[in-house]
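Okay, got some structures for you below.
Shared between the two complexes below is chain A, which pairs with chain B and chain C, respectively.
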Partner chain A sequence: MTGSPYLRIRSIKKSYKGAVALHDIDLDVEQGAFVSLLGPSGCGKSTLLQILAGLLEADGGDVQLGGEDITNLPPWRRNIGLVFQNYALFPHLSIRQNVRFGLDMLGMDRTEAEKRVDESLAMVGLDPALSRKPGELSGGQQQRVAIARAIAIRPRLLLLDEPLSNLDAVLRHKVRLELRELHDRTGITTIMVTHDQAEALATSDRIAVMNGGRILQYEAPEALYRAPATAFIAGFVGSPPANLVPLSALDNNSWTLANGQVWKPIASLAPRAAGVRAGAACIMALRPEALAVGVSGEGGLPGRVVAIEFIGGDRLVHVETGGTQLTVRVSAEQAMAGPDILLFPPQETPLLFDANSGKRLKADF
Partner chain B sequence: MNQTPDITPTTTTLLIAPAAVLMFGVFVLPFLFLVVLSFWSQVPGSLSLDTSLTLANYVRIFTDSYYLGGLWTTLWLSGFVTLICLLLALPLARWIVLHAGRAKGLLIGISILPLICGALLPTLGLVNLLSPLGFINGALKSMGVIQSSLPLLGNITGVTIGLVQAFLPLMVLPLINTIERIPRDYEKAAMSLGASPLVVWRRVLLPLMLPGIVAGSLLVFCAALTAFVTPQILGQGKVVTFASLAYQQAAMVLDWPFASALGIVMLLFLALAGLVGALISRRLARGS
Partner chain C sequence: MTSRFSKGLMLAGVIAILLFLLAPILVLIFSAFDGGNVFRFPPRSYSLRWFEEALTHTEYRSSLWVSTVLGIISTAIAVGLSSLAAFGLVRGKPSYRLGLEVLLLAPLTLPLVVWAIALLSIYAQLGINGTLPGLILAHVTITMPFAARIMIATFDEIDPRLEAAAKSLGASPWHVVRRITLPLAMPGLMSSTAIAFLVSFNDVVVTTLIAGAGWITFPVRTFSRLRTEGIDPTTIAIAAMIVAFTIVVIVLGQRLFQLSRRF
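Moving on, here comes the complex of A and B:
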């Protein structure tokens, strides 16, 4: 798409009594996209969402939606749908009345509103004849009602604040697919907050990874997985996430591990290949599923098996290596010889980060 | 083996017996006596009682315009005081819940002060404030707002101010209690669905506060209906309420049967108010 993006967030700042929750947030979202805000608890995701909805005033910066500056628009004029983590269904109204609430605010006439309620409930897979109060529904049903209520007004933007976190694991998996389907059917531009990276990877067109009130990287899921911009992201994305191995360059060919042990890897993983000078402290990210296990060979990282977890189909092998514990994912059939093994990282360019800044080194491919 | 003592119906009965006897002695018996007394009559010109049963006292209350007027004044005054308390308490309670922060305990303490220091002291304080030479009139005069004193004592205005002052906490406390239990997400959700603050109040906050509103209104209404000290002092005998009528009859005219009948009528109105409150609460409980 050319021209300015559908949602354009510029230098949004927010502090709570001196504690900074958001530093200069910039974010562009294309029309019809499904974007996730991914980050650990307390990183400012909900704060950003509330600012977008107009429920919280930013200390600075501006927000444009569809070319209109909405920074100072009160929430009730924004036409932005919001689904809360705890659903916030009005307990004194029936399900249908909840879904109709926003339509009444629009002044829609009765028959049309009722039709829209039916549509919206059907869209989230609920029986439109449901005449109960929210308190009588299961968590999963309440969540659907909350979504139906938000989409009934045909919002310009749909904001979901951890919509799946109150559901059990099985339901969460099912509903995240449904969320994506619903998005594809309605075409409503959607921003979902989550701290579950698997959820973000599975549903989103793009993911904004946040930490400490900043957006660290904003990429499509594959790019985020393949080329994390910081060690933090590498250690956060993937199931299980990448192992972060602290090491420092001994010379052009070898690394010193955390416990002082020296590791001489194959040439493509050596300090020289990464352009790292002797003495520089780095972090190497090793993906659990990309590590090969062997007993002999060139450039292997020596380790000792500490524990093995069976996770169905695969096994997670916990390996003590040079003072760091790593997780390796191997198929369940693979035999595991003895406690002492060698780990072989993949041959391609390593995911190497500066230990101080956490930034990616030589991310030039 | 089982260490806990058996709780049998017999032991339970024994345990509540002292309280039951006390309640019977100081509440039920006098109450029954009051009921019976209200159907007796006073022998004119003497202090002796005619114990033949008669409805005369009740007929007198509901036909004599003086007593009917007192009853009517008391009812609408109580309703009016309840309304004023509600209008003042709604924003106050919400403000205390949302913004008072650390001062909340202190504010709640201050607001229940009128309840715990009795009716007399605050009322006498109000006399100082409201009298023709009191603080309010003095201040208004010195600012040149008024030339002669506003009549704030010995009329309905004074009594209303006094009753609102005395019973506001009865409204504020239940409201604080309900408002504290309303998550703020409801308002936020309503606003994101297009509801302006006024609509949020009407369609979301007030309905959710209804249990507190009903409880507070019932408390204030009943308290105002039976109030004696405040209307007596601030009304300076010129505002005739039901409690003051009963007092006149019991302590000055010494017509005890008639005073009893007045008391019983007041109790009936209290019971009626309680019944209405209970019905509304029941409907609310069933509805949500």
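Moving on, here comes the complex of A and C:
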């Protein structure tokens, strides 16, 4: 694995009628990895996927796959599998004909192609004897056919465009596990586009978080969760994502909250510990599951309970504090005194970001 | 009881509408078998003499031939051109798409006579009045709006992601068209072909003005006969045969279509 990576994306640019969709994207993917492009709609993730598939031409930059420059290769010569959100199965062909389509295009011998169709259908857990048309299948089954069709050609790269978005919640959870399993069995390098951070966290080896046509951070899921590079990522990753509390340093020991209220936290969370000078505007990210709730103690953040949601096992407590509404995740058994409570952030180094740039103020550890 | 009553009422309504729509055809078919010398309904005696007349009448035979050839050639050109135009407009998404769509439909906005007069003066300048190429061009002009409208709707309904998926599976643009786009567009192609052919086959106005005496189509011949000699029962017999032919084509088409569905 030394030298250049399997997929190497360099300075890919794309604009639509003057609006920039992608700014100089660089991304390396190791062979056999499962990588997600995660971001809200309009962040450029689908544009990047289409450029990789060869369906869109980039304005600049280059893409190398397995050492070969594929930037100007037409899609039908790339051998890259593609699965769409709406499955895009050919409605006039039977399921087997759908799966065999790519093999026919390769000019594969008929018996060999039929064998490959059986294998591919079995791989996604479908009965190879299915002779029906795609329209007669459920959404989940159509999805499997689409995946079987894409992997039948033994692609060099598998691209999944929001593959789970059209499925209901229960099925989505099941299929995302299956996607990861399938990836582990086939070893096909996979790139999945998704707007669902839970999906990305659950399936991926690495996640590239995108926003505004840029990759903000490219990390393993744990690292992304533990050490988000920007306030945007902290506020996007996690279920529910971190609370973003705007505050400014009053002096070395205290913060001023959004409504002007002063908060004097424990020493490790004070402006001095983070190296923030008086007057600097910051954002502190507080994970809902890392906040402890109490009624008395040093350094607590005073708040008032606004609403409580029971989510089975846990409760989500919505707390109004210093002009910002926070979500706190507590065990369902925990008794809630209230409505006035104190919130205690964890004692380790805080997730603190510059309010203007959104960048992390102090590196973790 | 009420539901049975309202169902009966509905059925009666449907039958009444069907009768209203089909009555002219029924009149036509019955009269074609009449033994009399002039058109009359209901027929008083039955014979096949008008069919015999129609099959031996060289004037009608040649004008039917002209109509058919003209219809086939101009339909092929109109459907071919409008399919390409529609594909370009739908897939290329040019900024002028709407404008061009309106232009393609423009011939429908004016009475055919006005178009025919305009075409006549243009073709006179070009020196193609009364020629087959001129007539074909005129028929392409009047059939294109219908063919284009159907083809635009057809391509609009084909998900471009199907074509993208085919490309990712190794299909070259030619293979995408042959294996994906064309089969999915086939119903639209069929109906635009049928409509274009019928518009061409039935046209009297434009053909009368452009064709002159050289190329007399069946409806033009019938119409001119009508004006000079009244209704000729021979034309009724020919019309009855056209209806029979159409029914055969539709039944066969339905059979073949269902067969193609089964496989």
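Operating definition for what follows: the second predicted complex is superposed on the first by the 364 of 365 C-alpha atoms of A that agree within 3 Å, B and C clash if a C-alpha of one lies under 4 Å from a C-alpha of the other, contacts with A are read in each partner's own complex, and residues count from 1 in each chain.
Quick note on the criterion: a residue touches a chain if its C-beta (ideal position, glycine included) is under 8 Å from a C-beta of that chain, and two chains touch if they have at least 3 such contacts.
Since the model is a prediction, treat every value here as computed from it, not as a measurement.
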item: Superposed partners chain B and chain C on chain A - clash or fit; value: clash
item: Contacts of A:R78 with chain B and chain C, given as first, second, both or neither; value: both
item: Touching partner for A:G135 - first (chain B), second (chain C), both, neither; value: first
item: Which superposed partner A:S15 touches (first chain B, second chain C, both, neither); value: neither
item: First (chain B), second (chain C), both or neither touched by A:P91; value: both
item: First, second, both or neither for A:I153, with chain B first and chain C second; value: both
item: Chain B and chain C contact sites that coincide on chain A, given as residue numbers; value: 53-55, 74-82, 84, 86, 88, 90-92, 101-102, 105-106, 149-150, 153
item: Residue ranges of chain B in contact with chain A within the complex; value: 183, 185-186, 188-196, 199, 203-204, 207-208, 287-288
item: Complex interface listing, chain C residues touching chain A; value: 159, 161-162, 164-172, 175, 179-180, 183-184
item: Contact footprint of chain B on chain A as seen in their complex; value: 50, 53-55, 74-82, 84, 86, 88-92, 101-102, 105-106, 133, 135, 149-150, 153
item: Complex contacts: residues of chain A adjacent to chain C; value: 53-55, 74-82, 84, 86, 88, 90-92, 101-102, 105-106, 149-150, 153, 159
